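We call the chains A, B, C, D and E, going by the order they appear; numbering starts again at 1 in every chain.
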Amino acid sequence: MALTSKPIEIRTSPHIRKAISVAQIMRNVVYALLPICAWSVYKFGLSALLLLLTTTVACALSESLFCWLSGRNNTVRDFSVIITGLLLGLTLPPGFPLWMAAVAGFMAIGLGKALFGGLGYNVMNPALVGRAFVQAAFPVAITTWTPAFVPGRFSEAIPSTLTTPFMTPPDATVWIQALAIDGFTGATPLALQKFEHISASTIDLLTGVLAGSAGESSALLVFLCGLYLALRGMMDWRIPAAVFTGTILTSLPFYLVSPEIYPSPQFMILSGGLMLGAMFMASDMVGSPLTPRGIWLYGFSIGFLTVMIRLFGGLTEGVMYAILIGNVLTPLIDSVTQPRVYGARRQEERP
Amino acid sequence: MDPESVQFIFLNAAIVNNFVLALFLGICPFLGVSAKKETAWNMGLATMFVMLVSSVCAYGINLLLVRFNIEFLRLISYIAVIASAVQLVEMALKKFSPGLSRAMGIFLPLITTNCAILGLALFQTFREYNFVQSLAFSIGAGVGFTLALMLMSGLREKLELARVPSVSQGAAMSLMLAGLLSLAFMGFAGLGSSHA
Amino acid sequence: MSEGVQARPQTSSLAMLRTLGGIAMISGFLVVLVFQWTKPIIAENKRIAIEKAVFRVVPNAVSRRDFILAPEGLSPVGKKAKGETVYAAYNAKGELQGVALETVATGYQDVIRILYGYDPQCECVTGIKVLKMTETPGLGDKIAYDPDFLKNFHGLDGKLSADKSGLAHPIAAVKHGSKSEPWQIDSISGATISSKAIGRMINASGQRMFPLIQRYLSGFRPPVTVAAQGGEPPGSDLQ
Amino acid sequence: MNLNRIFNKYRTFPHGIHPLGHKELTAGKAIRRVAFAPEMVIPLSQHRGAPAVATVVPGQEVVRGEPIAEPGGFVSVPMHSPVTGSVKSIDALVPSAAGPKVRAIVIHTYEASTQEVLYDCPRDLESMTSEQLVQAVQDAGMVGLGGAAFPSHVKMLPPKGKKIDTLLVNGCECEPYLTCDHRIMLERADSLIRGIEMALRATGAGRAIIGVEDNKLDAVVHIRSRLPSGGRISVEAVETKYPQGAEKMLILALLKQEVPSGGIPADIGVAVYNVGTLAQLGDLVPESRGLIERVVTLSGPGIERPGNYLVPIGTPLRFLLGQARSRSDANEIIIGGPMMGMSVASLDVPVTKGVSGVVVLEPKDPDQRPRPIYPCIKCSDCLDACPVNLNPSMLGQLAQVREYGTMEQAYHLNDCFECGCCSYVCPSNIPLTQYFRIAKAINREAAVAAAH
Amino acid sequence: MTTVLHKQEQVTLDTFLRGIWEENPVFVMLLGMCPVLAVTNSTLNAIAMGLATLFVLVASGTLVSLLRKMIPREVRIATYIIIIATFVTMVDYTIQAISLDLYNSLGAFIQLIVVNCVILGRAEAYASRQRVGAAVVNALGMGVGFTLALLCLGTVRELLGAGTILGYPIFSPNFEPWVVMILPPGGFFVLGGWLLLFEWIKQRRERRTLQAQGATAHGS
């Protein structure tokens, strides 16, 4: 009988696997990010395109470099580094000098990932580590916002984009004034709300025609892309849900007490990087807790911290730092929320 | 918040200008005793306690020093009095609460001569805090120290299971982690100052 | 091992006390020696530092005298009076040029402490100097050196209200490029928080102190001789 | 988490997974007999507990149904000859599904051997005491047919101080591909009910609940229509979800109770039996017969004629697969279901009492494709799958650094019943269940070493 | 009182060099980390801090070594602390006299030299057991090692963080400084970076020696 002609395989149970693998998940996250990238390129033109390319290439090259240095197989092909690069690019201002973006990419992978052993072992979100590093290193460049939908944006880059490496970028105000765009103040909706108490309209926030980083603009688009991942089971929907709950529950009391000073919860959710952060960055499973209660607690803390930093901190935007703090809280959260095992005796019954 | 107010002093010492992560005080115990959550917690408790004791002592001594115009003896008397006060309290603790004393025991002598404790005493003197402010400052500093230590120990325990490259194992990794923590804590800058 | 086996004779308490006492004596001697030697130098350093700062915020000043100012009255430093220390600055002819005051507020990172000058004649602020801050280099720390920003304080309006209990117009920092009134401060672009902190602290201090300065204006008599002033500076961060 | 949980009206337990069932391959196929293999191999240890002791000698003639081995202790059962033939050898070493070679009786089948059981003796159940019933169950050589092959009579005698009040009859059949229990419920409902009543008497339990997954509602309806009056026996549908058939999960779903960690169902007054076990009991005990054949599902993409076969115990796999026409490019042959079964190394392995199915997989199946193993990405899918609420991610990471002691003390390793859910869902393809099996074995060895 | 006899060390070049490389207090023993991180945001501060520590190390080492026969075991730590505190107070006032700006930028860290483990550790582990000569040379070595480590950090941080060394611009005027380097995280990162570098060099050297040994084994 033919049966014996071929060697039979021996495996251990279970013999079947869910047909979904890490590389597949990562590839789908990249797909989900592409529409957001496309929108930002449409909005900010050549500069945004160059920025996204730079961060992605810088991340991929750094990953290869560190793999080579530590004598490990190159892990670029698992796509996680592409996500890091794209997300990093999406969080930076569109006119961010490319050389600084490359520094951010290098730091994201080196400091945020390779140092700890690569995929799965990092303790903080690599993309945000990269961004936090350049935020602390180049505070001026990272708070310089340029207007969207500038005519000629596809043929000409924002002047600061092509700054010579290690040099100070040219003053953006000159360029912006030359454009003579009505009413552009260089302030993001969050800064306007914080310092002038002017809230942008919900429609503007949803569609994203405002200033801001490449990825923090259209809340609706980001939400839809995140929804795709959640529906395909590649992202844990509980994390964004918990972040939103935390944000609403924390900001609502302030809004109810004095709506003229404090922004509404819906502004809180739709403005800034919260949508992108909740959907794509807080939800990075590597830095988030494992336990079900831990996941809710983690998301809630991120929402809470974001509101606290936005309302009472020095910064206008707190999502990045809230997620980083959430990441470092994760081990502690995990250790206090271990699930009760089936049949475990209750405390008092223990001998 | 008023920068002189007790809440602000507490919040500032605990989070915004965290002793370890922003002021670089108490780095040695932070690096040395943060490998396990359990020990980190006990160390945190012990430090909080010693901070409280030394803050009170320093406040008292400073009154005397100013009264007799011998401020140049400040450093010598601070360190001597803090060391002996901790010794006394430790003895009392051993007698009345052996459990607590056992948990904090080995750490107490270690803490007595570290920068966080003396730094606390010196800072509260420079900033001319009154008694209540000093208390808030010391509790805030203790809470902040414990927080940093717990976060660090959680991360280090987690990384014990990671495939860390051989070069970055050990002290270098701890320092990088501390740097990342410090970077994350920069997000709290200005927390509590009003911007209206 | 043999030493370990022998019972170590207990050191007598007397020996311990003797040693400790001896060491304490030595150290006391050393410390006092250095203290005595450096005391005048340090005092002089501090005086120069204060004077530099005061003369920087009050133009044309060449001498200063320190007072304690409180709602109850004005008294020269030295008398045990409660209140805020202010530095009156005089020109070569001994005429009051202005008063320098200290004030604090929380900025972007931590507390900012400044000294600023107030000219009772023109009822305006004449200059500021940052004494202490930890603002972000390149951004918030521009409050200390940015010429455009510092220009705000050459004649910043601090007029009293009609009832002389406070300022006619609260001093405040406004967004970069939107200064329209003489009592407004044009913020540094990208460092609104630090700029606002400066506005806030001058306003708070001005609301309280300007009416008092005006009320006790006649008390700010110049020092007897310019050089005789100085001495121990009041306990403050001013160095 | 999934929305199904919200809309499904049937009871279940938290977590678990939903692998593709593939039951349509065989669910409609009635049970058929297979021919006798020319040589039957009957291992002496087909069950948990002590091996049986042979009572025949080589060359001896045996008839179908005749006892050929006696129990080696209380937790042990006798063996019966599945065919009429002559004993070729006893104590021969034959390959087993688990790997190591085991002792077995090999019987040469007479060409003329018929399906007729020649060794029986009807008896009156009504007059038997419960002790006699338990003895009769042991004499029948009954072991659990749900897979674990635990001697059935042992479960009828609860430990001292415990009393069985509820009998759960496990008709879940949660493993993909397998449909033997489904067919038994449809075709042998009366035997099943007879077996249940017998078990109720033997255990002294007051009620019996048959739990059936809701993908077999036809079985529910069918059994309900045959239930005797009196209401002691009921049928409940439960949600289709793996591992709904694990006894701890079934108890949680139907009784809302948990078996204490490290305990057995008897601790909370429950005994769980597989439907196949009780149907066989209902058939065998009244006739004083022994267990000589069982229903086995042959299925999977590697089988041309999938179906449910009544297979004599001891039929070698090679013969059985020949009957069902296994395809030539089959690459993995599994005894049991694909979630918990074992892949066999040799086709000379015989069908034993615990074999509920033989599944032949092909390399081109999407869930079979080889994939690289990644580090754990902490996705928490395994936590959301583990039916006993363990933390497989943490356990897996600890296993990789060989912290076996910590796994047991801090993370409840011993509560893992190796259902495979965590490995199934893991996107990093980490062989978690395998790690846990190894860790347990190492801990057991360490404990034994420490005891000496 | 019994004096436990310790082997008296010969003063050699190694007595001095040990503190600089093999037993470098910062890079190898990880002692006195707080001042290392806190004051190294500029080269000048690093030098001042290093010299101040060097002075206290040498002075207290000398005194402790001189008095080593007279100090009873029971009170030795207290004695050392008083001695150290004395010298620190002296340094503190001296720096105030030299420059108030420098004093302000070093903050409380001059006074915190008292609790610097390097100094107490040296007093306890070396000076209290060795003759004055050895104690001084050893303290000098440690102090120089400490100062060099501070310089390693200070120069990198100032160069990257402000584009200057000792206040003098190094790069073209358009250089964009990496502000993070003079902020607290930068301190951790730069020290961590140095340690990574040393570790990498060490491991590479070990690999090379192993390979070399393997090669000779093959050759023979």
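In the analysis below, contacts are C-beta pairs under 8 Å (C-beta built on N, C-alpha and C of every residue); 3 or more make two chains touch, one makes a residue touch a chain.
Keep in mind that what you see is a predicted model, and the values were worked out from it rather than measured.
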Those chains which touch chain E and also touch chain C: A, B
Centroid comparison with chain D (C-alpha atoms), farthest chain: C
Middle chain, criterion being Cα centroid separation: A
Centre-of-Cα separation between chain B and chain A, whole angstrom: 33
For chain C paired with chain D, centre-to-centre distance based on mean C-alpha positions, whole Å: 85
Distance from chain C to chain A - Cα centre to Cα centre, in angstrom: 44
Chain B and chain D: spacing of chain centres that average the CA atoms, whole Å: 60
Multi-partner residues of chain C (each touching 2 or more other chains): 27, 31, 35, 107-109, 136, 138, 193, 196
Residues of chain B touching at least two other chains: 72-73, 76, 163, 166-168, 173, 176, 179-180, 183, 186, 189-190, 192-193, 195
Where chain E touches two or more other chains, by residue: 78, 82, 85-86, 89, 93, 179-180, 183, 185-186, 189
Inter-chain touch pairs (all): A-B, A-C, A-D, A-E, B-C, B-D, B-E, C-E
Residue ranges of chain A touching chain E (in the complex, touch as defined): 100, 111, 133, 136-139, 141, 164, 166-169
List of chain B residues in touch with chain A within their complex: 37, 150-151, 154-155, 157-159, 162-168, 173, 176-177, 179-181, 183-196
Chain E partner contacts - residues on chain C that touch it in the complex: 3, 6, 8-9, 11, 15-16, 19-20, 22-24, 26-27, 30-31, 34-35, 38, 41-42, 45-46, 49, 136-138, 239
List of chain A residues in touch with chain D within their complex: 1-6, 8-25, 78, 117-121, 236, 238, 285-292, 295, 338-345
Touching residues (chain side chain B, partner chain C) in the complex: 1, 3, 8, 12, 16-17, 72-73, 76, 128, 189-190, 192-193, 195
